[in-house]
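First up is the structure itself, then whatever we jot down about it.
The letters A, B, C and D name the chains in turn, as written, and every chain counts its residues from 1.
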Amino acid sequence: MENSIVEIIGAFLVLIGSVFLFLGALGLVRMPDVFNRIQTGTKASTLGTFLTFFGLVFIMPEWWGKLILLIIFILMTNPVSSHVLARAAYCIKVPMFKKTVIDLYGKDAEKLFKKETKNE
Amino acid sequence: MVKNAFIFLILIGVAMILVNLFAGFTGNVDLGQIANHYVANGPAEVGSANIVTAVVVTYRGFDTLGEVTILFLSAAIVGFFLKIENTDNTERNLKYTSEILNTASQVLVPIMILFGVYVFINGHLSPGGGFQGGAIIASGLVLMFIAQPKKEIGHKLINIIESISGVGFVLMGLAGVLFAGGFLDNNVIGLGKFGTLFSAGAIPIIYIFVGLKVGSELTGIALSLKENQNEA
Amino acid sequence: MLNIILAIFLGILIIVLAIMAVLNKNIVVAIIAAGAVSLFASVLYLILAAPDVAMTEAAIGSGLSTIIFFYVLNKINRQNG
Amino acid sequence: MVNKILFIAALIMMLAILLTLYRFFKGTTAADRLVAFDVMTVSSLSLIGLIAKFSDRIIYLDVAMVYGLLSFLGVIIVARYFEKGL
């Protein structure tokens, strides 16, 4: 067609990104407890947003500065927010899935919380 | 049952009023007389690429002064009512913040403040302006309060910045009266080349003052709320 | 075409979230829903080609007002024991 | 060609937002709803990118940046409120 091959590559990257966003949302619906939902949701949505903006760099080459800046912001903020969220959910003792096999954080967390609050 | 039927009747009445409104609705295709004047003469008279900025700062600059005054009043009232009376000096036992959040905040807070400054300096070229930039600066400082609860910012510094920028805003308006057409006229130091950073006369200077003022006021509100959590 | 579909979609989303914010018993969920309402409202302003208003809505409506609500809620909880 | 593919991508993103909205409704705990809010805002961030492409205006990306930063801040605030650290 009239579009160049680079633009079509970019469009397919955006499509793959949107599929990842969809899969993340599907995981949010299907997973059994909070921690699994955090894991699927934020991982897949980070990759999906990354691929979307990266595809837009191919389609609109003159916008690359702001798009790269946005990608850096996403890669910096999204894992931090999921970490803080998971820690808060552990802290208020949200019930885990009943088939959970092992809780490695549990023993360390007790000691850690006690020690650090004494230090403050 | 009777109550539900009553609510249902009210809903039907509201729906009938709305149907009449929607049926008579035709979109405003043409601009009004005043808006037409602004769009036609704005770039030549004010020299700002963003028409909204031209209207907010120059044509309706007096309204902006009123908004800033309202914000100042609300910040002062919050500070007055949430006075700290922590007599027994008990330290609060906060849950510690994690290492990851701490490091991320050290990277992100300067970037957010820089982005806020970018938004209000570029107010005459891109969307945004003093109010939005000030809000972004205040949210960056709030992120710092959350991630590092031990860090102190004095109320005094915030008050000084707020007062200086408020006085500067009014002085720029008076300079408009002396050297140009009227209060808050921006044609004080020449319009410059259209569409560059140093253009549109006094608009960037006024926006710097507005941004600093809004940012320090919102930060002051958040800070007094945070310090007030100590009391039982 | 896409703009019209998006506008209808976002309008329905805003109404649903606003009803949820009013009717929910849990006050934390109500505040989060109100923040989501103003986030989607800012996307809607963007579709209507008003980026200035969209930026204000995103910064004030979803950012700072949520923060102030949570500070006040925390203080109320602390006072009631 | 490119526009058609991007249109389909936007439809898929809207579907993703609907699924997160379902979790936001149903979520048994408040933490569930917060996760749904997070994924919802990130999905609508990429939707803003597509809107900027379709209207061909780079200045919309500024709005996207503000949107991303403030939704991140909102999630952090609520999480700190949960663990009584505010």
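Just so we're on the same page, contacts are C-beta pairs under 8 Å (C-beta built on N, C-alpha and C of every residue); 3 or more make two chains touch, one makes a residue touch a chain.
These numbers come from a predicted model, not from an experiment.
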Point to revise | Relative to chain C, chain with the most remote C-alpha centre | key: A
**Study point:** Best-connected chain pair, where connection means C-beta pairs in contact
**Key:** A-D
Point to revise | Distance from chain B to chain A - Cα centre to Cα centre, in angstrom | key: 31
Practice item. Mind checking the centre-to-centre distance between chain C and chain D? Centres are C-alpha means, answer in whole Å. Key: 12
Practice item. Please compute the C-alpha centroid of chain B, do the same for chain D, then give the distance between them in whole Å. Key: 24
Review point. Where the CA atoms of chain A average out and where those of chain C average out, how many Å apart are those spots?
Key: 22
Practice item. Could you list the positions in chain D whose residues touch two or more of the other chains? Key: 10, 17, 34, 59, 62-63, 65-66, 69-70, 73, 76-77, 80, 83, 86
Review point. Touching two or more other chains, which residues of chain A qualify?
Key: 77, 80, 84, 87, 91
Practice item. Would you pick out the residues of chain B that each touch at least 2 other chains? Key: 94-95, 101, 119, 127-128, 132, 136, 139, 142, 229
Check your understanding: Every pair of chains that touch: which are they?
Key -> A-B, A-D, B-C, B-D, C-D
**Study point:** For the chain C and chain D complex, residues of the former touching the latter
**Key:** 1-3, 5-6, 9, 13, 16-17, 20, 26, 28-29, 32-33, 35-36, 39-40, 42-43, 46-47, 49, 51, 54-55, 58-59, 62-63, 66-67, 70-71, 73-74
Practice item. Spell out the part of chain B that touches chain A in their complex, as residue ranges. Key: 91, 93-96, 98, 100-101, 104, 107-108
Study note, to complete from the structure: Within the complex, chain C is touched by chain B residues 50, 52, 119, 127-129, 131-132, 135-136, 138-139, 142, 218, 221-222, 225-226, 228-229, 232
**Study point:** chain A-facing residues of chain D, complex
**Key:** 1-2, 5-6, 8-10, 12-13, 15-17, 19-20, 22-23, 29, 31-32, 34-36, 38-39, 42-43, 45-46, 49-50, 53, 58, 61-62, 64-65, 68-69, 72, 75-76, 79-80, 82-83
Revision key, fill the gap. In their shared complex, chain D is touched by residues of chain B numbered 94-95, 97, 101, 112, 115, 119, 126-128, 132, 136, 139, 142-143, 146, 149, 229
